[in-house]
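Next up: some structures, all given as structure tokens.
In what follows, chain A forms one complex with chain B and a second complex with chain C.
This part shows the complex of A and B:
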């Protein structure tokens, strides 16, 4: 119980840090915070609109009072208004979030399964060809800029070979229901998800390999082998199952990295997720959207951590014992 | 290897070589294994280009010297970009920008991270708790979106980019240095120094800081490789200084100005990406090599 309280406190701090940063940044910059709260086009707004913004953010009040107003607005879903997009920030994010979740979720799934498989195999055949090759591969892929990897895949598979679409998440004016729509979405997902999977593969792979090497050296593996169990059963039932424990924590912690990767990959593929929204907000200096996107990504990372905290004790009874 | 920890030391990743010289000299770090030799050679080439690139570049990359979108030729080895600037010269000049931002950011991050780490480990108690809570908060925040927001507010410039990157990457070295500091603080000679009346700063300066410096150095090299990757991502998202183009900025313009649609990508997109990868790989290989040379020595104490 004490352990959970500590974690909750930690996440509350992270949340507060993100909120405070979003609150302070527009107000700490030189010049009027209006430019940051309304976007670069503030000069084109009518006086009535400016007055409305000043009132909404309580800009005439003290900083403390503004902070309280700000927190209340965030809690009630008033995340500001994007004059560039012509809609509330929260509405803009809500349109984009499902695509990011689809991209990150599918990549996380594939990268995890593949990383576990290759990691276990590499550890089992330690020092052999596959082990060396996959370790080298992990180092090299980790050195590639994620967005550049995406650019290469676009160039080869979309531009030159024309196997897959170049950009977007679905064909405009294409099918919008049923199996044709699903296939269309999957075809558009293939390249960005492959990029993100490749970019995030090494984390799971390295941890799985290391954990597997560790379990393979344990006494119970020798016992299992000397009992005459088939090697396959020793590996799957004894070694892999135990090696999965440390992996399960990294899977969700990887999510922070994946979300960063998704931001640049969505930009490469013009994939209509939160990352592209963030990119367009950067280009247009649309600060409210910028901050909203950052906040929702922070919340996503926290939620992933919470899931990891809840899942881990289920997988490993020892944590339950030492945790309380 | 009895505990199934989550942290994977790079040495466990199979990069220690049986024939590695264990004397911990500079030679062993740079040329001890084939992978560290590759890293050293890569870095030597990149550093050479960073220093002399502006002198050997055929054109000033800021000048319009030919028609836009030219294919590679004897006059323009990597063709020209959307406004007729020489891409080869842009890349040579960009080397210095990318490397400089990476080094400045990593230096700042390591100085801050090391300070936080040693102070936390030596002070212990409430100071340690507060510092580590703060460190964990920074570690939990999604670091690229955080960097994007900070960079967008600060505006594009070489120093701002370096500052932003330092702000988001100092936390990991702080954690690593703290755990090393804790192990130093528990040793008998530090206890003896305390017992003989050595004050906080005395012990910090004479025992803890020298003890963590080798570790901080390997963290610095790894942080540089991370910083260069982060800079490339930020620049690719349009947050780079358009006057001092880095490799990432070149790729931003290539993407924005249709390098894929007009077929110029093989010479506009590939070379900057190769250089980023080579540099990051070089730093990573040398950093890992240094780490694995240091680890056995650090553990012996």
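This part shows the complex of A and C:
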């Protein structure tokens, strides 16, 4: 119990620090949101009118006063209106979240499963063809810029072969319900999700491979083998299960970034996720969106850590002893 | 692989292809736009181009600029101007809002009042020129201006979108307005933020028949992705100009056509003329004469551009003075002579300085996220360094640059730069807004980022504003351009040509509007 209380205190501190940074960082950026409050032609306005607009949005107050208002609003759930979208911040984020969860979630799932599978296999066949090929492949793909990878996939599968669409999450004039809609969404998901999967594959793969190599060298594996257990059983029941521990940490960390979206990929594929929302908010100095979105991001990363903290003792009984 | 799995995979692949066929059958006009444009109302659209053009497919103006930049009566049927300030407007008969309510003079009066009380950069300034609105009947209204304004038809009547009084009357916070409804040829059927707009032809439209039954404006932010989508046949037209490097490829493509024409957005070099060194007109002249403009257009735009003119206005602008069409070019030897006359000699490091210790060494701001402008700054730095003027290019993020060159978009707050890359959007040129660029009074010269002031220019631009006779006005603007070409508080580097690509099989009625391109209302109507 004591251990959990300490953890909760730590997280509360992190949260407060994050809240303050979320307020300060957007305002520390040079530039101002005026262009989005008064329209592109803000330069045509008289200074008094510009001042009036600043006052209406509270931008004329001191930073301290704005900070107090901000903390109060965050606490009471009044996250305000987006400057650029003219709608509540929460609604703006809610619109985007499902697409980001779909894109990042599916990619993460595939990348994790594939990474674990190939990582385990590569370690088991260490130094052989599969190992060398997958290791080289992972390092090569990992070092490619994501947007470039996306562009190449687009050039091949969308422009040349014309199999898959380039932009959006679904066809604007297409079906909106039932199986046809689902298939349309999947078709639009294919290229961005493949790009993101390729881009995030190497993390899990490399961790799994090294963990597996480590495990395979352990005494209990030798014991299992000398007991005459079939190799498949040694691998799955004894080696993989133990090697999964470090991988689970990576997975939980990734989960925290699930809702942050994948800005680059979302931009390349015009995918309507949280990543593009954030990117645009940064460009437009849309303080309310930045504050709201980064707050949710912070909370989700912290939450993922909390879950990892809670789950780890279950996965690894050794930690339980030292914790209590 | 298990047999069942194989069957499942095959079935999935087949249904994916089938759904692709179904989705792509019976296509609407598909247009790629560059960013989200809000709810497409006058208070929520974002960009002057293409946002304003898209918004005015729904909300219309009393006048419409035609392809040659001449205002034509639109919701107005006729206009009589008395004593330069009384604008008696007869409205077109039978115009309905999209909800079936008739459009009347009351709506005109309401719209002008609304723009006056609900501040918005583009519309409030023109609306504020009106001091009195008199509704004589349902179809007749007279606007009275505070002072004569030669550009009011263009900057006011052809610019202000009319608002339906019965909808907007109760709206206090127009930025949160979600319902787009006007008199225009298209209705907004669906808006998915950051994704797309779906517009449908307004069957009850009073004017020329809309060219498309359905129009999809899809947001594709990435330039490369936009043109890949065009190539792949996923869109039919892009509002974004084709990058110079890919023009040839599109011209060679059989299923894609390209239209090219004058582009009014300018790329300029601004100077803080209150800085030591830059406050000397002879130094500014040497800077302007040392830049290789041809090389800028050749290297940066691959020739798809127009050389900047010392008088700022694009040569295709009807007000451009043909006598201020080119910058003088001088050799490094001539530079030494000119700067010598101004009291400057080369220091030990080859940089010119004068007896008061003023060194001609400047920081040159360039936007990091605009490769063309950044490269332009680097090329100009080469020219100026060779001439003995030390220029250090500093690349900073665009919003940060704007904040230093134009703090809070208010020139009365001063400036914090020496040299900077900058650019003005097309309307500054189309409206020949030299007063905004050059007037020393910060309430009039709201775009005067250089801190320039000249009584003669103030007088000429003030007079041009109230001179309604076109020839007399042109003469005044010619003289302003001559002063600008001599004094050089800003250097116009080049105008990027507008090059637009589309799929003619889908639609080939696109017309080129001078200075702007193919996306304007005329292109969306059958005529």
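To be clear about the criterion, the second predicted complex is superposed on the first by the 254 of 324 C-alpha atoms of A that agree within 3 Å, B and C clash if a C-alpha of one lies under 4 Å from a C-alpha of the other, contacts with A are read in each partner's own complex, and residues count from 1 in each chain.
The working rule: a residue touches a chain if its C-beta (ideal position, glycine included) is under 8 Å from a C-beta of that chain, and two chains touch if they have at least 3 such contacts.
For clarity, every value in this text was computed on a predicted model and none was experimentally measured.
Undergrad: Can A:101 be said to touch chain B (first), chain C (second), both, or neither?
TA: neither
Undergrad: Once the structures are superposed on A, label A:207 by its partner contacts, choosing first (chain B), second (chain C), both or neither.
TA: first
Undergrad: With the two complexes superposed on chain A, say which partner A:71 touches: chain B (first), chain C (second), both, or neither.
TA: neither
Undergrad: Please work out whether A:121 is in contact with chain B alone, chain C alone, both, or neither, and reply first, second, both or neither.
TA: After superposing on A, A:121 lies clear of both chain B and chain C.
Undergrad: One more residue to check, A:315. First (chain B), second (chain C), both or neither?
TA: neither
Undergrad: For A:130, decide between first (touching chain B), second (touching chain C), both and neither.
TA: neither
Undergrad: Once chain A of both complexes is superposed, is A:139 in touch with chain B (first), chain C (second), both, or neither?
TA: The first partner, chain B, only.
Undergrad: One more residue to check, A:81. First (chain B), second (chain C), both or neither?
TA: A:81 sits against chain C, while chain B stays out of touch.
Undergrad: Is A:290 touching anything from chain B or chain C once the two structures are fitted on A? First, second, both or neither.
TA: First partner only, chain B.
Undergrad: Common interface residues of chain A with chain B and chain C?
TA: The answer is residues 29, 36, 151, 154-155, 159, 166, 267-268, 283, 285 of chain A.
Undergrad: In the complex of these two chains, what residues of chain A are touching chain C?
TA: 29-32, 34-47, 49-50, 52-54, 81, 84-87, 92, 95-96, 151, 154-155, 158-159, 162-163, 165-169, 171-175, 179-180, 183-184, 186-187, 267-270, 272, 276-277, 280, 283, 285
Undergrad: Going by the contact rule at the top, pick out the chain B residues touching chain A in the complex.
TA: Listed in rising order, the residues of chain B that touch chain A are 1-6, 8, 12-15, 35, 133, 136-137, 140-146, 148-150, 152-153, 225, 229, 232-233, 236-239, 248, 251, 255, 260-261, 265-266, 269-270, 272-273, 276-278, 280-281, 284-285.
Undergrad: Which positions of chain C touch chain A when the two form their complex?
TA: Those in contact with chain A are residues 15-16, 19-20, 22-24, 27-28, 32, 35-36, 38-39, 43-44, 46-48, 119-122, 124-125, 175-178, 190, 192-196, 198, 214, 216, 218-222, 224-225, 228-229, 231-234, 396-400, 402-404, 406, 408-410, 412, 425, 427, 436, 442-443, 446-447.
Undergrad: Which positions of chain A touch chain B when the two form their complex?
TA: 10-11, 13-14, 17-18, 21-22, 25-26, 29, 36, 126-127, 131-132, 135, 138-140, 142-148, 151-152, 154-155, 159, 166, 206-207, 209-211, 213-215, 217, 242-243, 245-246, 249-250, 256, 259-261, 263-264, 267-268, 278-279, 281-283, 285, 287, 290-291, 293-294, 297-298, 300-302, 305
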